[in-house]
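Labels run A, B, C and D following the written order; every chain starts at residue 1.
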Amino acid sequence: MSSSAKRICLDADMGESFGVYHHGNDAALIPLVTSANIACGMHAGDPSVMAQTVALATAHGTCIGAHPGFNDIWGFGRRQMAMSAKDIEYLVTYQIGALQALAGAQGATVDYVKPHGALNSMAHQDSAIASAIARGIRAADRDLIFVANCLSEMVTSGENEGLRVIHEAYADRQYLPNGCLMPRAMKDAVISDPGTAARRTFEMLERQELTTCDGTRLVTPIETFCIHGDERAAVSIAKAIRKNCATHHIATATVADMAI
Amino acid sequence: MSSSAKRICLDADMGESFGVYHHGNDAALIPLVTSANIACGMHAGDPSVMAQTVALATAHGTCIGAHPGFNDIWGFGRRQMAMSAKDIEYLVTYQIGALQALAGAQGATVDYVKPHGALNSMAHQDSAIASAIARGIRAADRDLIFVANCLSEMVTSGENEGLRVIHEAYADRQYLPNGCLMPRAMKDAVISDPGTAARRTFEMLERQELTTCDGTRLVTPIETFCIHGDERAAVSIAKAIRKNCATHHIATATVADMAI
Amino acid sequence: MSSSAKRICLDADMGESFGVYHHGNDAALIPLVTSANIACGMHAGDPSVMAQTVALATAHGTCIGAHPGFNDIWGFGRRQMAMSAKDIEYLVTYQIGALQALAGAQGATVDYVKPHGALNSMAHQDSAIASAIARGIRAADRDLIFVANCLSEMVTSGENEGLRVIHEAYADRQYLPNGCLMPRAMKDAVISDPGTAARRTFEMLERQELTTCDGTRLVTPIETFCIHGDERAAVSIAKAIRKNCATHHIATATVADMAI
Amino acid sequence: MSSSAKRICLDADMGESFGVYHHGNDAALIPLVTSANIACGMHAGDPSVMAQTVALATAHGTCIGAHPGFNDIWGFGRRQMAMSAKDIEYLVTYQIGALQALAGAQGATVDYVKPHGALNSMAHQDSAIASAIARGIRAADRDLIFVANCLSEMVTSGENEGLRVIHEAYADRQYLPNGCLMPRAMKDAVISDPGTAARRTFEMLERQELTTCDGTRLVTPIETFCIHGDERAAVSIAKAIRKNCATHHIATATVADMAI
């Protein structure tokens, strides 16, 4: 991990508009991150939005990841659904394949997969779901990288399926002492101060430890940091992190770079 | 065309169930056709149904095609929608990619694409839509075969995009004198007598002419015959055609075979 | 309860087709039950199916209930969703209103509401969800009857909201010792033998006790018995129950009758 | 018409957000209009958004109308769909009923119905669709007012069904010489200059004539003017119209007022 600790990877959810509905601030955020988690039509993102987002990522040299979620536009994929492991596996492969084809059409490739919302949070602690996701990824392409929450079942499941796992922490979210994200419903779950976010990110990157809300430090590889593109402070946070890293001579890298 | 006239390709729409909803009679029909047009989740077919249908096709050595349609489960993709050409193009690529990934997971490949329902009937005469579909196919993979209605704009558009086009006629549907399918709302549009369907199919195959409702014969290559899997008579019609062809020593071939 | 014990109410889920997809056996079942739980477009049932089902119920003098569920056609409303209480409340009112308007158009009225699938099973033990449903019902019309699982939080919540509650047991499902339905995934969860179903139903009606899988008897009012219309044995079970009741001179009654 | 010519009714589409997706500027626009066309969940607006919009309208004393559209969130109901007349009729009743229940829950009533987007534009010239909508409205409640485009088939169909019809013109859209709205795809279709919009509105109100793009004037009752809430200039246009009317001592009125 010593070499990766000298680099920082920043990823953000993108392509979450749908038809007339705009969401997020992709154009402003994309120059600031290295890797774009592109929604695949189930929780957000219609096929045309997906194609536009691939074009945007390609224009900026941004690494492309699939960001599959539950089929729930109303709930934006943030509502847990008790879906069978088989349905999850195929739903994940389906979404990856859809994005692969739309990316391929522009000469781009999908390098990694990061689950979205409730699918992600359920898989954090549920190994059956984590395994279903890992199988769904491997089914689409065994060279795909699995961007998994640090200290989650996804890390284990991804490794068990023979996938290259990249460990992800959140730059703009508070952690519980057990390493889970603090739920959005809780006060202070979302970090909106750019300085705080940048300082925490640098700290976690340097120490390779998750910083949690009660001060507990959890040792884990941390290879990429996620910024939620639909938060108001996203652009400011990304800029603060970039500036802080520049000051410390930490280079940026993509998810694909980190997996080498 | 002389060599292809000695062979017959039979294709059918499959995988059109959705969740608890069963539709069609795939298990009975699949041994009788050579090529399966698999629904891709927009008008019918959820990811799990798609995976099951790929497994069924693989078990029977059936050639696999993607069967993309409008996103309209309620209308089963049979209601015309005024979608922009761009949206159609990306919607087609999206669906093909989803099936490609699910097929690839089982070591299978998608060999061809056939548009479904209203998307198909609109593209028959509308070159903008036909072109959008052709671009959507080529974007997913330029080696994909475009199964297009005989005498339709899809034939021209497919060729213009450099795709290999296979000309399709319907074994179980009546044609209007202009070469369009008689709309389902019209009496006698659907042919349900197996003998009639088999006789017509053989006649069209031998003559390489579409037989229309007023006796007009329209010269066209005809390389594959579609049987609607959700019609009651589908299995009987397929059996009658197979028997008739066996009598005449006409071998069966897949869409992929016909394209060689 | 002595008077209601002399009558039997039979209800069944109906109108669960969707577009081309047929589900259940409404025509055969409707003469055998007294009350129809009509799907409202979210887990099943499109507006046209709803109108047809109202017409069918009206033609048979069947009492009409709304059968709201989660918005999940793929999962048929049987997958739990972590929806907020507010969203559930409004989703319930929405579906009831839709059916009320379609029923009113035919001079019919919606007399009661019975939640469907995962919404029902979640509300069984979760008072926040049960309350949300009760508020959603009362919001549509405070005279609507709440058909609630025996011994569930829905009974309490319905009464707290001032609704008339009718207690429901299942004629074709096994119960756990705690009064919850045995999950479908468990062996023997579904009772498909008509004689067994009829005997159990009569026993539960007479004793006003739920019969559970280990023999535990749970005292509760039981006013209506549900038959799942989409099970193969539904019609046979309904006939066996009707025959058994006729033998014992037990009259049939609707949900509305039971609430008087 | 002389009395109504002294009053002006202003309506706007509202409640077109969906889950996390915000659309329009309801809070700023609602004090400026008298009547709110509330989306009903099919092209936009989920049940919770509907309830919030009813609350907003009630707080401002705004008259409430149902704004039913095609079931097409991706296309925002702006894509024409070839739906059968029966499906349209029931789809309209369904949506009205859903809003009636959510409005009734807050002690509010739905006074009128205005079709949305492609459903509206198709019904402008297609009497079968216009009649289906009128029947769908009458089925929900024969006292509902039908807000119909001036000079459209909806006016005739509404009157044929015995509905009170209110004639609507657009304050922010250009008209073709035949009285149809200029399609959005055409240059200048949308009027975004507040002064121009206000002047045209006043002119049409005074003359009771539609002003078309080539100067042709089409005589028709005009009772309400629509402002598209999702256009950037909506609030400025509404303010300009209100100011202009105040200068000319023209009072505002709701759709319900106009129907008396």
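As a working rule, contacts are C-beta pairs under 8 Å (C-beta built on N, C-alpha and C of every residue); 3 or more make two chains touch, one makes a residue touch a chain.
None of the values given here were measured: they were computed from a predicted structure.
Any chain bridging chain A and chain B, meaning touching each of them, is among C, D; the list is complete.
At the interface between chain B and chain C, over half of the residue numbers appear on both sides, which makes the contact a same-residue one. Centres computed as Cα averages put chain A at a distance of 42 Å from chain D. The distance from the centre of chain B to the centre of chain D, with each centre set as the mean of the Cα atoms, comes to 42 Å. For chain D, residues that reach two or more other chains under the stated contact definition are 46, 74-75. In the complex of the two chains, the chain C residues touching chain D come out as 41, 46-48, 50-51, 86-87, 90-91, 93-102, 104-105, 139-141. Residues of chain A that touch chain C in their complex: 71-72, 74-75, 79-83, 118. Interface residues of chain C, counted against chain B in their complex, comprise 18-23, 46, 73-76, 78, 230.
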